[in-house]
Amino acid sequence: MKILAINDDGVYAPGLWAVVEALQDVAEVVVVAPDREQSGVGTAITLSRPIRATEVVPLVDGIKTYAVEGTPADSAILALESLVEGPVDLVVSGINQGSNMGNDVFISGTMGAALQGFFRGIPTIAISVAALKNLHFAPAARVARLLAQGVADGKLVPPLLLNINLPNVPLEKIKGVSLTHLGQRTYMDVVKEGDDGRRKYYWITRERPGWVLEKGLDIWAVRRRRISITPIHTDLTSNTISREIRGLTRDIRQAFRP
Amino acid sequence: MKILAINDDGVYAPGLWAVVEALQDVAEVVVVAPDREQSGVGTAITLSRPIRATEVVPLVDGIKTYAVEGTPADSAILALESLVEGPVDLVVSGINQGSNMGNDVFISGTMGAALQGFFRGIPTIAISVAALKNLHFAPAARVARLLAQGVADGKLVPPLLLNINLPNVPLEKIKGVSLTHLGQRTYMDVVKEGDDGRRKYYWITRERPGWVLEKGLDIWAVRRRRISITPIHTDLTSNTISREIRGLTRDIRQAFRP
Amino acid sequence: MKILAINDDGVYAPGLWAVVEALQDVAEVVVVAPDREQSGVGTAITLSRPIRATEVVPLVDGIKTYAVEGTPADSAILALESLVEGPVDLVVSGINQGSNMGNDVFISGTMGAALQGFFRGIPTIAISVAALKNLHFAPAARVARLLAQGVADGKLVPPLLLNINLPNVPLEKIKGVSLTHLGQRTYMDVVKEGDDGRRKYYWITRERPGWVLEKGLDIWAVRRRRISITPIHTDLTSNTISREIRGLTRDIRQAFRP
Amino acid sequence: MKILAINDDGVYAPGLWAVVEALQDVAEVVVVAPDREQSGVGTAITLSRPIRATEVVPLVDGIKTYAVEGTPADSAILALESLVEGPVDLVVSGINQGSNMGNDVFISGTMGAALQGFFRGIPTIAISVAALKNLHFAPAARVARLLAQGVADGKLVPPLLLNINLPNVPLEKIKGVSLTHLGQRTYMDVVKEGDDGRRKYYWITRERPGWVLEKGLDIWAVRRRRISITPIHTDLTSNTISREIRGLTRDIRQAFRP
């Protein structure tokens, strides 16, 4: 069995190596990750120019490791289409430094990499810890290991994409596990303006707003020190079509009638 | 009424100005778009550094126009949080050079910009023509104008995100209008390897595979020379949770029991 | 006669178009300039990936104009090796917003572009106004025009590279013209540290130190409201070899003796 | 004594660590180098945005090592202004993969980093091996060590900037040591045109032309399997001012006379 480990915090981020360490005796692990931190790059793929990949020294002995001068999604594509020999049985994206909940999954590089595994029909998990500093990786590493074991045992079959978020607490403080829904809003973008002496600049910054902590949402679970597991699909088609949309579609049809 | 026009092909791309021209007597139009072509950057937001925006010469007289040294999503955030005064009533992302159908919407910069309008509760449309060269923009411009009129008339209210694709034909060749679902696959990523004399490189390239042209899908409509309108939602939570996932969730729960 | 106009402030910077306007009836002018501001990029050339050039709308009618997604030196190379047809008789780099004096010429993009003209045996001038805001371009434009006329009249022959700096005053306030030497120091780099919430960052900022205003230096001339013209060579070989260097060279020779 | 080791091939390039290994028992060595390969970026400094530096795992035990998300010159400035505590006694830039001779020193990132040491009054050497693959680093490492010993012994005092090039041969094949002049031309830029399916692109590529192998030039020495040591100065003022330049300066003076 072969596992691709990937992240968006950069190839030497500690969360990546915490999960590699936990997975290495379940399967062969290959690391292909961006050479720089890539928070916020979401689903971005580099199409306009070639990119480089360099084999680098692993932080866990014996793990084949590539640093990619590109995005997390670039790294996943390079790994799955070119760098990794033979089929990959599981893609693990993380352990991310910072939660990926609610709408944030759209701009998450962790999810951007994960989607490339999922689109190729490979069981994929994205896994994050809800803190930016002093992270407890052990619970997340254990969850990843249990899921990898599940794949090894044939219990997890594609299509499968799980978005997992953990509270930043040690193992013994975890209160439980919940299957959750994505919340509707987690961050607010604030634009800070400045001047470097030559020109004005704008710096997009994410700030944490208040939100409704409805039961069953990812944020609700994590706030209760529970592990949040959200099964993800990628069909963005809305099933509810309003009367207004139907009306306007009719108007457009009318306008294009010969 | 105020419309934000945005794209991912760059501020001087002809599709952007075709739609601006069509919209300018329905509402005040402001253009805020990337200064460079940004295909494939999807939802990416620049968080790690400040970005610049410059007011530039418009291609349609009298249109306030900003070029942003960032992604389409950056442009939308800067526009909506800082550059545009007063509320925006409609966000139009496009007219894109090239279709945005099926899973491609995830890596589409056109959609990446549109999502930022939608997340802020503004009626938003993403609009694309299915060709890379010699584009017919008139039908797409007319559709955008009809929808803008709909917003002006109070017929289109948020939450609203429409992904619209048109075949590359002149007005009189349009065969109809369909409310569609996103298809499941449109492109294949191929990684081409090369060497610049110093180092190996990898170039991600999208190739068009065969696909199933099921009735009701976006690709089906466009192939039939119909205008495809797909209502989009952004809830990535999967409603179908397999027995296997429930089983593994139980296992994880078990493993974390004190 | 054909002139290549180039800069490092970006293709729509006003200084570039002030000089284009002044030159257009002396010769055919072609503009090839970076699409973004590029201060500080010095001599940088993009070798690791391909770059794009787009023909854009000129700010002076009838001028063929390209925006390059690269550095000033990239722009010069693309212009001289590919974009401009036929031989170029003069390269004008500027009018730069901000002086380029003393050691700053090494990190000046204006000079980085100019060097590529000079290396190819083309008469080349770099021209700058010593201010960041509210610039008077007329004196610099007139100087450029006089030099272009000199090239047209066969009075200026290669090898020729002039670095010209003007005080920021209107025509009538110019006090004279001096042939000068480069000063030894103009800016100090200061590194400001900050934190974006996730990580520490460092921002290199140039600050203006005090300096010795020795007669005959570029800075001396500009401070006296004189036009400074510095003839440039590119032989970085030092002619003074100290006794110590000779001694150490002997030691190395000794060490490598079989 | 403290040495700053830096390069333009990236923090994990083998040439950097070959020199670190040779220097570590002469002085305390600190490594501050770009996180990615940066060939061709020359003197470029990043002024328009902040940059990041991360402490990373050294390839030689006990060496404090930072990877900078910027250019070689950025790395030098960050090191000397912020990251390295206490005064630096010697800057070593290299060992570069590929020669830096003739005019190429202007676009060499190795030299771009070295200049920042020199501008700050620190003895500085740039050191390169004339090959892109299968490099012999031992002779270059020995030269660097001898020069570091010279600084330790007070034999090398600023201002000092040496540009050193070695032939790619093992120790015993070195034929001697020469104090040299920079040659006049080493590379030719060729622009290769291509198309990525969406847009035309241009790729600047350096090709090796024939050249005159005059005695005393750097290229002459290296071709003879000798170590080339070129003392560098940074005064770009030309001492030879032609009659034509004097004439035109007079014309300009005339034109600006009130």
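In this document, chain identifiers A, B, C and D correspond to the written order of the chains, with residue numbering beginning at 1 in each.
FYI, contacts are C-beta pairs under 8 Å (C-beta built on N, C-alpha and C of every residue); 3 or more make two chains touch, one makes a residue touch a chain.
Everything quoted here is computed from the prediction, not taken from an experiment.
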{"item": "Chains in simultaneous contact with chain A and chain B", "value": "C, D"}
{"item": "Matching chain pair for B-D (criterion: over half of the contact pairs shared, by residue number), options B-C, A-B or A-C", "value": "A-C"}
{"item": "Self-contact between copies chain A and chain C, residue sets same or different by half", "value": "same"}
{"item": "Chain A and chain D: spacing of chain centres that average the CA atoms, whole Å", "value": "40"}
{"item": "Distance from the mean Cα position of chain C to that of chain A, given in whole angstrom", "value": "45"}
{"item": "Approximate Å spacing (C-alpha centroids) for the pair chain C, chain D", "value": "21"}
{"item": "Touching two or more other chains - residue numbers and ranges from chain D", "value": "37, 39, 47-50, 52, 196, 198-199, 201, 203, 205"}
{"item": "Touch list for chain D against partner chain A, complex", "value": "10, 12, 35-37, 47-49, 52, 54, 56-57, 59, 69, 196, 198-199, 201"}
{"item": "Residues of chain D that touch chain B when the two form their complex", "value": "37, 39, 48-50, 52, 98, 132, 196-199, 203, 205"}
{"item": "Interfacial residue positions of chain B with respect to chain A in the complex", "value": "37, 39-53, 71, 73-74, 77-78, 81-82, 103, 105-107, 112, 115, 119, 139, 142-143, 146-147, 150, 155-157, 160-163, 171-172, 174, 176-177, 179-182, 185, 189-191, 193-194, 196, 199-206, 227, 229-242, 244-249, 251-253, 255-256, 258"}
